[in-house]
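Think of it as A, B and C in the order they're written, each chain with its own count starting at 1.
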Amino acid sequence: MSQQRVLIVGGGVTGLRAALTLDDFGIKTTILEKTSQLGGKVTGYSKVFPDFRDGKKIVCDLVDAVSNSAGIEIITESTINDVQKRSGHYAMTFTNDDVVDASAVILACGFETFDATKQGEYGYGVYPNVITSVELENFLDHQGPTKGKLLRPIDGNPAKRIAIIFCVGSRNKRIGNPYCSRICCSYSTKQAIEIKELDTETSVTCFYMDIRTYGRGFEEMYQYAQDIGVKYIRGRVSECSSLPNGDIQVRAENTLLGRPVQGTFDLVSLSVGMTPCKDAGKISQLFEIKQGHDGFFVAADEDIHPHSTTAEGVFIAGSVTGLKPIRDCLLDGASVAGEVASYLRKLNNK
Amino acid sequence: MNLPMDVFNHEQRESIWKRYVKEIPDNNYFLTLSCILGALYPGSESMVPKVYDLLGLDWNTNPSARSGWTCCSGIAYHGDIMPIEATLLTVARLWSIAQELGLDSVTMSCVTSFGIHCECKDLYEQEPGLKDKVDRLLRDSCGRKFEIPKYINHISDIYYHYRQELKNNHMKFQLLEEKTGRPLRVVDHVGCHYSKLFPEEHSLGGTDYCEVLSGMAQAWGGSSIDYPERRHCCGMGFRQCMISPNRGGTMSSVLKKMRSMAPFEPDLIVTNCPGCEVFLDKEQWAIYEVTGEKYFIPVITYQELAGLLLGWDPYETVGIQFHTVPVEPLLDKIGIPYDANSPWVNCSVPR
Amino acid sequence: MKKTESKSQVCPPSDKPTENDSNESINLIEDVKNLPPWFQRDFNLSKKDQELLRGYLDNLDDEEIINLYYQLREAKEIRNDRYFYPNMQILFGTPFEREKDRREQRIWAEKYEAENEVIQWYKDAREKSCVWWVENHIIARHCLNSCMSCGACSALCPAAEFFDYNPRIIMETVQEKDEQLLVDLLKSDTIWYCYQCGSCKAKCPRKNNPFGMITSLRQLSQIKGYHVHSIRGRQQYAARHFWGGNLWNRACTLYFRNVESETHKDFGPRFEAYDKARDDFFTRVGACPDSEGVLSGRKVHPETLDEVRKLWQMGGALYMWELIEEAAKNQAQEWGMTIDEYHDKVSREG
C-alpha cells in the first residue's frame, strides 16, 4: 500500500481536500496543477457565501497543510500529455516531461466561466461599463486593485447604480447552454449584499428569472439581501446598450408587474454561468470516460457511485461532475478520498 | 466631451458579429422587386440593375409574359389575410421562374420579402412532407416545378459583397465631410426581418451588431454609430402603418429611435428595408408637427447611398428631392454637386 | 446565362407598341374630375352617395361588372414608347373594384373549389377548438415548446412599450390550453397590436416564437369570425380589400398610387410635391408607371395574373377572404349598414 500513489488532476479546493484526506489514510498523492499556483478559482473570492468567510484564507489553510505534508507531491504548470493503462495502474506523461505511475486517478479539473462575449446583446467587451461577476469580485476585494471601491471603468468615477444580470450563459438554448449553473443566484446575492454593506447609498438591482438559493443558509441570505434594500426584478434582460457618457441602459420586463422596464446604471455585472474545464474533452478521451451532453463528466452511477467512472481506477470529483457550492466541492474532496482508499484496499487484496 | 465612439470598442464588436457569417455568391442573380420601395423610392429599384451592370454581373428577371414578377405576398401574410400555404405557393412560383432561368441565387430589395423567402425555406426544413405537398399544389394549379434555391440573399448583401470594388473602381465620392475630412457619422438601421428572424443562418452579423450596412458605411469612408435603441423596430408593423388609425404606434417607435440617436450626432441614417426607409424618413415631419422636436436627419437607402457616391444624378437617377427630410444638406457636407433650381425638381416646397 | 445587352433602363416590356397601333387614347372614363361615387376613394361619402353607389352596383350582374372592369382596365394608349393604362389609377381602391372582386372571387372559388386539400383543412379547423388549432396549425405547432415566462420577449417588444400588450402573457395563455381564455383572447384587440418585427423570436432562450404564434392566432381569429368583436380585428376587412385587392388586380400588396398625400398628411409637405410629380418621376428614373415593363409600377401582364390567382385559390387565400367577407356582411347587417359603409367605418376606426 505504501508503494501506491494517487494522481489528483487539478489543484483547486477539491483536489487539495482529497489529497489531505488521502494523506490521513497514509496514501501518497501527486497533485497536478496546470497553472503556477495551487488553490484554483476560490483564490479569487475574498468572501464566500453563505457565511461570508474569507475564501483566500480557506485556500491558504489548505495549501499550507498540503505543503507541510511529506506524502503529497506537487507539480505545477503542467498538464497530461499521454496516458498508458496497465494492469492495476496508469502511467502518465506530463507536458513538463515528468512521468508518474498511479494506481488511481482523481479528476478534479474544475470549471471555466462562460465567455460573456458569446452573448453579444449584453455588450461585454464592447461597452467598458459592462463587466462580469469575476471582475466584480476584484472590485469588491478590500485588498484588490480598487481597495473595495466600485468605480466605472470608463472614467474611474464612483459607481452608485449597479445592475446584476443573472443567467448569463445559462438556461439558454440559443447559445448552447440550456442548463442552470446552480450557484450564480447565490453568488450574485452575496455580491449584492457586499455592495450594499460597502455603501448603503449605492443602489443594486438584480434582474433574475428564478431565485435558486436553495442550500442551507442560502434562502436566509436572500431574505437578508432584500431586507437591506437590494432590488430584485423578475425578468430576463434582453439587451444592454450605452449612452454617450458610458452609462449602461438595461432592458427587461418586470414580469411580476407585467410591464417593460428600462434602467440606467453606472456598472452592469453579468453573473456568468460555468462550463466544464477547457480540456475536459481531451481528458475524457485520454482516460476513456464519458461526458454528458453538457460536457461535464458522467459517473458510473450518478446516485450510488457518483465518484466512479466507467474506467477502472479513474474517479471524478468537484465541479467537473456538475457545478456546486464550495462547501460541496470540499465535501466531494473528502468523499472521493474515501472511495479511492476503499478501491486501493480491494486492489491490494487481490 | 469625449467622442461618443469612445464608449464603444470596435474590435470587440467585430469579434461578435463575425460569429454570424453567410455565403454570398458572386454572380447569377434573380432579381425580384419590392412593393414599398417601388411605390415610394423607385429610383432605388432602378439603380439596382444599373449597379449589377456596372459590376458586369449576370442577372435576370422575368423572361416571359407568363413569368412576370409578382409580390411575394409577404405583407399580406404578415398582415394576416394570407394563409401560409398561399404564400408558400407564391414564393415557389418565384423560385420556379429563377430556376427556369438557370439562376441559383434569388435576390430581393425588400426585407419583408427576404424574411418570407427565408421563412418558407425554414418551414420546409421543419415540416418533412411539406415540399412534396407544395410540389403537387404548384403542379396542379399552374404546371410549374421548383426547388429550394441554393442562395437567398438580400440585395444589400450583394452591395456589401462588392463594397470594396465599388469604392476602388467606381465611386467618386466618400462619406467624408469635404471641408474637414471627418468621417461622417452613420446610423445603420437594419430591417427587423433581415437580422432578427434567422440571425444564425441568414443574416450577416447577427441581431446585435449587424454588419451588412455598417460594413458598407465604413468601407465607404464613414464611421458607424452605436446608440441604445439601435435594434429597436422602426415601427412600420405592417397593419400598424398601413391602416391609418394605427399609425400612431409607428410614429412613437420612430420618435423613440430619434431621441436615442440624437445625442450621438449622426449625419445620416442608412437603411436596407423599404418600410424602415419610408417611416424613418416621413415620420420625422409628423414628429416635428406634433411635438416640435426637430430631428431632420437624412434617411437614405443603401442603393441611394451607393448611387450618390457613384456620382449619379441626385435628382434624375437617385430621386432624393422627394424625401421628406431634405437630403441636400448631406450632399453639401460630402461635396456632391446638384442643381436645386432645375425646374422639375420642385424644390419650391419648404425645406 | 449571359445577357448580351444592358437591361437597366431598357427592361423590355412583354408587349411593345407596333407601328400599326394608333396613338389615340381609348380611355373609356372621360370625366375624371367628376367621378361617380362608385369610383371614389373617399371614406366620408354622404348617405345619399352611399345609396347611389349601392343602387348602381346592385344593379349590375356578375358578368356585367366583371366585363366592364376589365374593359376599363385594359384600355390602353401609347406613352413614352410603351403601352400605358390610364384607367388603372381610377379603378384602384374603389367600391366598384371591391364589388367586382367579391363577385369574381366567388365565381373563381366555385370554379376551382373541387377537392382542394388546403381549403378542406381550414374548413375542418373551423369546426374544431382553438386548443386543437394551436397544437396542429402548421405554423403554431412549431412556435411554443415550453415557456418559462422569463419576459425576454416583452422586454424589447415595441408594441409592449406603447400599448397594453404583452407577448409573454399571450404565450402563457396559449400554454394554459384553456379554450375559453383563448376565445376571449381572439375576440379582443390584444393580438392585433403586434408589429410583427420578430424581436421576440430573436431573444427567446427556449427558442419559442411569439412572432409566429401571433400570426397563427390572428388567422384563427378570422377563420372563426372572432375578429369582428374588436375594433382592431374589424380592420381586417379593410386589410382584405386593401392588400387583397392590390394582389388580385395588380399582383403586388402595395400599389404605387396607394400612398396619396391626402390620406398621409403625416408625410409632410414635400410628399405633396411627390404626389403631383409621380408619373414624371417614375418615368425619369426608368420605372414603368401603369405601363408595360418589369420595374416599379409596372402593369402586371394578364397571363401572370391568371397564373398567380390560381395559386391563391389553391393556397386557401380566396377561402380566407370569403370568410372575412361573410363575417363583415353579417356585422354590417347587424348594424344596419351597407357593406360599403361598413368598409369605410372599419377603415377609420382605431
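The working rule: contacts are C-beta pairs under 8 Å (C-beta built on N, C-alpha and C of every residue); 3 or more make two chains touch, one makes a residue touch a chain.
Since the model is a prediction, treat every value here as computed from it, not as a measurement.
Colleague: If each chain is a dot and touching chains are joined, what shape do you get: line, ring, star, complete or other?
Modeller: The chain contacts form a complete graph, every chain touching every other.
Colleague: Which chain pair shares more contacting C-beta pairs: A-B, or B-C?
Modeller: B-C
Colleague: Can you figure out the chain closest to the middle, judged by Cα centres?
Modeller: So the chain sitting closest to the middle is B.
Colleague: Could you grab the centroid distance between subunit A and subunit C? Build each centroid from C-alpha atoms only and quote it in angstrom.
Modeller: Centres of subunit A and subunit C (C-alpha means) sit 57 Å apart.
Colleague: Taking each chain's centre as the mean of its CA atoms, how far is subunit A from subunit B in angstrom?
Modeller: Here the centre of subunit B sits 45 Å away from the centre of subunit A.
Colleague: Any idea how many Å lie between the Cα centroids of subunit B and subunit C?
Modeller: About 23 Å, centre to centre.
Colleague: By the touch rule stated above, which residues of subunit A touch at least two different other chains?
Modeller: Residue numbers touching two or more other chains: 121, 239.
Colleague: Any chance you could list the residues of subunit C touching two or more other chains?
Modeller: 156, 161, in rising order.
Colleague: In subunit B, what residues contact two or more other chains?
Modeller: 207, 231
Colleague: Where on subunit A is subunit C touching in the complex?
Modeller: 121, 171-174, 209, 234-239, 251-255, 258-261
Colleague: Within the complex, which stretch of subunit C touches subunit B?
Modeller: That would be residues 1-3, 6-9, 11, 14-15, 117-118, 122, 138-139, 142, 156, 158-159, 161-163, 192-199, 201-202, 211, 215, 218-219, 222, 232, 235-236, 238-240, 242-244, 247, 251-259, 263-264, 266-274, 276-277, 280-282, 284-287, 294-298, 300-301, 303-304, 307-308, 310-317, 319-321, 324, 347-350 of subunit C.
Colleague: Help me check something: in the complex, which residues belonging to subunit C touch subunit A?
Modeller: 148-157, 160-161, 166, 168-169, 203-207
Colleague: Using the touch definition from the top, list the residues of subunit B that touch subunit C in their complex.
Modeller: Per the stated touch rule, the residues are 28, 33, 35-40, 42-43, 45-46, 49-50, 53, 58-62, 64-71, 73-90, 93, 101-103, 115, 123, 126-127, 130, 133, 137-138, 140-142, 192-193, 195-197, 199, 207, 231-233, 235-240, 242-247, 249, 251-253, 256, 282-283, 285-286, 289, 316-317, 319, 321-324, 326, 344, 346, 349-350.
Colleague: Which residues of subunit A touch subunit B once you look at their complex with the stated criterion?
Modeller: Per the touch definition, subunit A meets subunit B at residues 117-118, 120-121, 123, 125-128, 154, 239, 241-246, 249.
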